[in-house]
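A short worksheet on the structure shown next.
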Amino acid sequence: MNDLLERPRKVYVSRKIEFNAAHRLFNPDLPDDENVAIYGKCSNKHGHGHNYLLEITLSGIVDRTTGFLFDLKELKTILEEEIINRFDHKHLNHDVAELQKCVPTTEVLCVLVWDILEERLGNILNRELALHEVKIYETGKNSVCYLGE
Amino acid sequence: MNDLLERPRKVYVSRKIEFNAAHRLFNPDLPDDENVAIYGKCSNKHGHGHNYLLEITLSGIVDRTTGFLFDLKELKTILEEEIINRFDHKHLNHDVAELQKCVPTTEVLCVLVWDILEERLGNILNRELALHEVKIYETGKNSVCYLGE
Amino acid sequence: MNDLLERPRKVYVSRKIEFNAAHRLFNPDLPDDENVAIYGKCSNKHGHGHNYLLEITLSGIVDRTTGFLFDLKELKTILEEEIINRFDHKHLNHDVAELQKCVPTTEVLCVLVWDILEERLGNILNRELALHEVKIYETGKNSVCYLGE
Amino acid sequence: MNDLLERPRKVYVSRKIEFNAAHRLFNPDLPDDENVAIYGKCSNKHGHGHNYLLEITLSGIVDRTTGFLFDLKELKTILEEEIINRFDHKHLNHDVAELQKCVPTTEVLCVLVWDILEERLGNILNRELALHEVKIYETGKNSVCYLGE
Amino acid sequence: MNDLLERPRKVYVSRKIEFNAAHRLFNPDLPDDENVAIYGKCSNKHGHGHNYLLEITLSGIVDRTTGFLFDLKELKTILEEEIINRFDHKHLNHDVAELQKCVPTTEVLCVLVWDILEERLGNILNRELALHEVKIYETGKNSVCYLGE
Amino acid sequence: MNDLLERPRKVYVSRKIEFNAAHRLFNPDLPDDENVAIYGKCSNKHGHGHNYLLEITLSGIVDRTTGFLFDLKELKTILEEEIINRFDHKHLNHDVAELQKCVPTTEVLCVLVWDILEERLGNILNRELALHEVKIYETGKNSVCYLGE
């Protein structure tokens, strides 16, 4: 079946999930006034928060039998376990072990999500399936993406 | 000028603003297990956060000279002073005086914003200009509105 | 606690869910050409489909202890059982018993969702909690709402 | 057919259309400095513009045979003829006859669209079909609605 | 005219269109239980449906006389004829000849739209105008893109 | 601090701003009928307008101390001074010096914004910080992007 897939076709498949978290932008290695100069009101003591919208993109060759790049049910399970459980309804500065040595900017969060997913996907990734991009919208106006470079 | 306005026309004018805040749903009058039963992961100790989207609606008669219900530059100033300064980049449980005796649910936040704006608009409100609605989207999925009832 | 709630406050709380379904607009009591005249390409034999976005609004008095109008975890369970299970990934004309005698327009779907929820919520509804509105967006451009009138 | 419609059901059906237009907020009966004080940069000489998003809502009883409140193909034709032809890709101050005596604010535009549609729908409107609301989003942040009051 | 275009400038121009279709994910070469294991509720017998949002991106050098990459009126006609006529208000499994040997996943649909447009644009494409990307959002959460690789 | 940043990480940071402007697509070097053939109703004499949504993307290495690619407060100032002041609430054909020899299509606008920002960012740009992309959405359906090629 599926003669459109007779020759290999490389596609990019994206899935969005949302998590709601608090964070504070503050570098304890720097004096308070420098933190205010760099982070402004983002450095307020008790933190503030966001509805983070995360978009994961996988790339690779469409499977000839299923017509899928990857089983989205499996991806959903992975994202629940690795992302939602770790970040959703958490305070990023207090509750996430991997961020204890980091200022939890959106840039850093993107890099962390990439590292987490790359390790988790590990043996699933192969010549025909790659983690392509992690994109996080902190607000409707600001976003960051990381491609593993 | 403006013969479309020869007879009084009642309109509803809405303006959206966004603020980013942390909150924790937790009632200190209740035991911990009851808080967990009621609020689930929303009761996590250090809180989480949202991009709150607030929509204010005024109603009243369009001014025949300006074609406006209300000067949006003035409304913008009021919203900056009363809402953004009070809530943006804050932790609602720790940083907002008016919420010290409240569980900062979206319902409570709606009621508070109404009370704040009603007091501030005070002498501006008259027979031809009313505060009509305060609506808050906590996420893209959940919203609450309050009409002063 | 919660002195903002010392006097009763009536709020409207909305929650959105999405379901993906196929439907065909076709009235078997009418001749084919009349169906085409009324429904155009919406009457195509095998049907077409939509990402239906459903918004449920409850109204009532905010609870003084919890700061909630209604437990959203409970609402989520109800919507899963009554709406998602019944409509999601279904063909409305073939798979939904309640629509067997209906042309499954968005108007009809709105009325049906209201009737289902009103029956299910039944003994939960009281003087302080009402089903206020069922709104369905068939596409980003078209929507219908029903308030039980 | 359609036993859900055995008793009359009142619904609200909304349709969105977009038009792109230029306008200038300027009242020629007032001196220039007063125009600047009232309208700020919206009074710039050559005008500016918007993607206006217009939402029309009709209300009434669902038809038992069709399951529709109103034939959306007919509504589409009406909106093309009355709204798109009149406003789309126009400069509201120069090109729209009905606005020659008006400052083309969104409030005024809402009232004008209502008047145009009420006249056009004229003999279609009856006890079971009413024009309910005209809503215009000037930007994603600002909107006005008019209900004929 | 247009001295900004004195040197060649390569841009990417995107246009979105929507079509509403039903589909069923089911591979007749596989036993039923395997279909359920792979496609879950997406394999329901009569199908379900989506508001598919399609975004086409062309790339190339801006024309010095017109300031356009490509005449969007012509692109609109092509998309009406090739995409809307073929997919809108159809059941992809029953009504689309090109999909008869395929499981109509979003991946496969992306590849098919690319092949259709590449053939149709054929002699229009040249060194200065290329089909760059076909992106399809199946829902607000899931999307696939194909770049002809 | 920030051991996630021990090795250099290249990210892409995007920020959206909106400006509202009028424009007319008309090339004075061509006869009127040719302008109508090319630009259709976009060539109407007094112009029309849009809510232009502009997305700027910078790329480069995340700073180890701040966790930022670039200070968004500084970017905001630059965008206010260079983009908002120049384009917002203006008629692109009459009020923007740089467009006097251009047909102000979205393609041309993208190229111009790139040139303006590249010059302004000038000495800020270095081996670790680049201007990556300028994207403009003219409407929700049409967009153009330019990457400096």
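Odds and ends about this structure:
The first chain written gets the first letter, and so on, giving A, B, C, D, E and F; residue counts start at 1 in each chain.
Note that a contact is a pair of C-beta atoms (placed from the backbone, for glycine too) under 8 Å apart; a residue touches a chain by one contact, two chains touch by 3 or more.
Computed from a predicted structure; not experimentally measured.
Touch-path distance (fewest steps) from subunit A to subunit F is 1.
Contact with subunit A and subunit E alike is made by F. When the contact pairs of A-F are matched by residue number across D-F, A-E or A-B, over half of them reappear in A-E.
Of all chains, the one whose Cα centroid sits at the greatest distance from that of subunit E is B.
In a homomeric contact, the two copies may use the same or different surfaces; for subunit D and subunit F, over half of the interface residue numbers are shared, pointing to the same surface.
Rounded to whole angstrom, the centroid-to-centroid distance between subunit B and subunit D, based on C-alpha atoms, equals 27 Å. Centre-to-centre, using mean CA coordinates, subunit C is 31 Å away from subunit E.
In subunit B, the residues that touch at least two other chains are 140.
Taken pairwise by the contact criterion, the protein chains fit none of the simple patterns, being neither a path, a ring, a star nor fully connected.
Listed by chain label, the pairs that touch are A-B, A-E, A-F, B-C, B-D, C-D, C-E, D-F, E-F. Partner subunit D is touched in their complex by these residues of subunit F: 18, 20-23, 41-42, 44-51, 88-91, 93-95, 139-140. Contacts from subunit C toward subunit D in the complex involve residues 25, 27-30, 38-40, 98, 101-108, 110-112, 115, 140-147, 149.
Across the complex, subunit C meets subunit B through its residues 1-5, 9-17, 62, 65-69, 71-73.
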